[in-house]
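One chain, subunit A, links the two complexes that follow: it is found with subunit B in the first and with subunit C in the second.
Presenting the complex of A and B:
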């Protein structure tokens, strides 16, 4: 899993039916402490908001977070980070 | 599979319900990328350990022996040492 910071939201009324009812958020990927590109992630916690430091899962597992078939997500927020303790 | 070093841990109280009870460790890949990622711990690893990772959802489900959890990177072993050619890499 990887870390990121929520930067915004996405509203798309016309989209794949598999994405209906799934919150889409703009996330700035953070890798090794450095800000990388922005991605759109599905929010499986349904509680994330702008500014939250979160961790995400990718590829097929992203869709599986929603426990229903045919969710076409390749990135999903799975939790909030309270403490991130690392040796530099 | 991959070899990585455990360099830290993550505390997260609000998360997917299937993640309850699992230790989340920060690993640094030793494949030259040095990329740091968050992994599930299924081998009771600690900071400083060199570990064996599986980076696949299906494999992780087997290692964690839990059908509910949705994981991608999971620590499935602690490495004593490994050899490359005739060089032994201490861990």
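Presenting the complex of A and C:
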């Protein structure tokens, strides 16, 4: 699992049937508090919006979040982060 | 997932049996900060009828086998969407119709 910040939305009408009805969001990956690049993530919470601090699941498990067969996703938002502390 | 531009096609007559009938396209990653093509060319299996020049979304690893076309095949990279537009940072950073950011 890793963390990120939602920065936008992606619209694609022509797509794999498994992705129908699943929001696709632009997420800024954040590792150890450092901002990395942007990816596209499928939003399994269906409530995330720009500015939300979220955590994500990657690779094959991302598709499993949607409990239907054949969801070709390798990044999925699975929850929101209210606050966190680091014991460095 | 990542976005890429389709920059070419790949024709291969001698290949793994399970790859026959699948369309192989050449894609180059696009950096979603600059919207410029950056990174190595990759061969990706087209599952949505993408054409050359289009901006597409690709998925990697075993997730790329979660489509009807690639289920049970030796594939680790597939095109699963053709992007219409992307809004980020309160502006439209890509619009297929306007070809902005291309």
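Quick note on the criterion: the second predicted complex is superposed on the first by the 88 of 88 C-alpha atoms of A that agree within 3 Å, B and C clash if a C-alpha of one lies under 4 Å from a C-alpha of the other, contacts with A are read in each partner's own complex, and residues count from 1 in each chain.
Criterion: a contact is a pair of C-beta atoms (placed from the backbone, for glycine too) under 8 Å apart; a residue touches a chain by one contact, two chains touch by 3 or more.
The structure presented is a predicted model; accordingly, all values stated were derived computationally and were not measured.
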Which of subunit B and subunit C A:3 touches, first, second, both or neither: first
Touched partner set for A:44, first subunit B, second subunit C, both or neither: first
Subunit A residues touched - subunit C or subunit B, whichever exceeds: C
Subunit B versus subunit C as contact partner of A:32, first or second or both or neither: first
Touching partner for A:60 - first (subunit B), second (subunit C), both, neither: both
Which superposed partner A:80 touches (first subunit B, second subunit C, both, neither): first
Set of subunit A residues, in rising order, touched by both subunit B and subunit C: 59-60
Subunit A - residues contacting subunit B, complex: 1-3, 31-32, 44-45, 47, 55, 57-61, 64-65, 78-87
Subunit B to subunit A touching residues, read off their complex: 7-16, 19, 24, 26, 34-39, 47, 57, 70-73
Sites on subunit C touched by subunit A in the complex: 1-3, 31-33, 47-49, 57, 59-64, 66-68, 71, 78, 80-90, 93
Residue ranges of subunit A touching subunit C (in the complex, touch as defined): 7-19, 24, 26, 37-42, 50, 59-60, 62-63, 69-75
